[in-house]
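In structure tokens below, several structures.
Look for chain A in each of the two complexes below; its partner is chain B in the first and chain C in the second.
The block that comes next holds the complex of A and B.
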């Protein structure tokens, strides 16, 4: 059975860039055998959305004391270094 | 040409955005090289998003509009221009006759300026092309001519690239985002204001020493960053002022609570609907990215991204949390104002984020600059509301019977929109030429004195550190 993980995607609006990243990561992780249950939110809402979240992926800066792994990356927007970040995400989710 | 364009506009008006935009998006996606199945699904999704946005907009406008009328009756305060928020503005923009053309126009402008070596930014942020379409659709609403709207959209696309190049070094250094620039008109427009105000504050003894700590602000005012709660609170307050005398206690209480819940719902649902629109645009945006990259040559380019990537910075968050109550206060005390703020109270970070490099992240100064910008913005919004409203109607959005007008902070509050509309209303074609000339002059001045311009925007020394980070 594939691994099931909850990932929270954050950006300034919870709509624009986080939608793009959420799609990219969810598709890529599916190929690697991890099913992602994705939610999205604004950077200011992250703290109240953390319940049950395994990983936060953000396109903008987040507080450092969330108690959940956070990966902040622009790779999915710029296209530079996508593979590295995907490896990192996979490692965090399997770890 | 004019007959062709007006015929086209007639077709657009009859079919409406829900039908026509999907067709156009499908064709554009195919031309840019997306797969047919993907393009088709994307196109239908976009049509669905329009229907969703229209529903929520109706809910929100109905509630706020009725309350606004009750408030006028109760207090004599006339606040009948409703802030429907950027999600609505974006939908109006993409659903307008200009919106149908904006994607190819902005791509052509970008490629042309890249080839002419007049810009370094590859604007892959297709979503935010709506800002160009929006100002274009205001121009079309003002003149009744699609041609004006298209030219304005093209000029705005160029202007956004100029702002992106200009602020790139400052943004990269301050926010730590190498290789990126932000061609986002609504965020960039504050730059000139920030530069001037900063210069003034630097010269006022005492005031020039003030700064605020971001942590206490985030803890105390964090609630203003949560849209549902913000929507509920504003809804309750509006409800109380509108219905405190609506009858016996139980009627009053139920009316007030209903207003609160409805507006909380609108605050949450409106962005959700726009997310559907965003999902529909994804394949187009991916295809456009590839399309432009292939044609841009091997040059090292800046990737133009949404200013949403800047908004998580503590300085941006803190200053906009403080600006929420300030903006509401302004809406009450500014003489002559008719705007009732609502949906865009959630996106004030977009207005102030780009000031952070100029102001070195000084929250106090960001609040001052933000306040000045918003105060001016109210008058822009009051002036542009009739055009905003008729642009919405032209895009097929239903306006409620309670005779309200609409606006939004993003982009209804922007001085750029005002300058553009003033120019074409007063000078017609010469206005277009004048705007084009001014933008061209700015391009030229920036190229002549790039370093000074970038320093003004808040860039420091071209440090080695940022380059090692890149490598």
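The block that comes next holds the complex of A and C.
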């Protein structure tokens, strides 16, 4: 059975770049056998959205003391370093 | 259904070879176009600038001339749309990932978004466009809005 993980996607507005990243990561992880339950929010709302979250993926800087793993990346926007980031996300979710 | 990016950008929302001194100048120019075309409210430009100051949208593509995607919250948007500027010389935007760092930007896609689920395809097309370095350079070299639209249209057909 595929692994189920809760991932919170954050960006400045909670609707633009986090939407792109959410779609890209959810698709890629499905191929790697991980089902992602995705939620999105603004970077400023992250702290109130962490209940049950396994990983936060953000396109913008977040506080460092959230207590859950955070990966900040532009790879799904720029295309630069995408494979590496996907490996890192998979490793964090399986870890 | 897949819709070409060219089909979603109005000619009047495109400004080519802009000689701008700052990111703010480009943002105000594009916001004024979107407002005139009925996509955004008068509050949009200031809201984009305020957001840019706190959470910038410069995307380092690893090139001499990079990309920015300024946008803001849905309450300033009337209906979804895009405005596009190419700059005759890059101006600095702050890096989305690290606001302390600046990114020289020559291609500015201003986004008017109000629903995350309906605009995913448009966003994906913009990202595919900017990730194509050859196409990005052609867009920068285009002299007119029509040339630029033709490039976007051709790129879309090429993918299918």
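Criterion: the second predicted complex is superposed on the first by the 95 of 95 C-alpha atoms of A that agree within 3 Å, B and C clash if a C-alpha of one lies under 4 Å from a C-alpha of the other, contacts with A are read in each partner's own complex, and residues count from 1 in each chain.
Here, contacts are C-beta pairs under 8 Å (C-beta built on N, C-alpha and C of every residue); 3 or more make two chains touch, one makes a residue touch a chain.
This one's a predicted model, so the numbers in the text were calculated from it and none came from an experiment.
In the three-chain model built by superposing on chain A, chain B clashes with chain C. Using the contact criterion defined above for the overlaid structures, shared-chain residue A:73 touches chain C, although it does not reach chain B. In the superposed model, A:10 makes contact with chain B only, not with chain C.
When the two structures are aligned on the shared chain, A:48 is found in touch with chain B, with no touch to chain C. Contacts of A:2 after superposition on the shared chain: neither chain B nor chain C is touched.
Legend: residue contacts after superposition of the two complexes on their common chain; A:62 is shown touching chain B, with no touch to chain C.
Comparing chain B with chain C, the partner in contact with more residues of chain A is B. Stretch 186-194 of chain B is the one among 6-14, 60-68, 186-194 or 240-248 that clashes with chain C after the shared chain A is superposed.
Annotation: chain A residues 12-20, 23, 40, 43, 59-61, 74, 77-80 touch chain B in one complex and chain C in the other. Across the interface of their complex, chain A is touched by residues 87, 124, 127-128, 175, 177, 179-180, 222, 225-227, 271, 274-275, 278-279, 282, 285, 289, 303, 305-314, 317, 321, 346-347, 349-350, 353 of chain B.
Every residue of chain C that touches chain A in the complex is listed here, in rising order: 51, 54-55, 57, 59-62, 69, 71-74, 96-99, 111, 113-117, 119-120, 123-124, 127, 130-131. Listing the residues of chain A that touch chain B in their complex gives 10-20, 23, 40, 42-45, 47-48, 58-63, 74, 77-80. Residue ranges on chain A touching chain C, taken from their complex, read 12-20, 23, 40, 43, 59-61, 72-74, 76-80.
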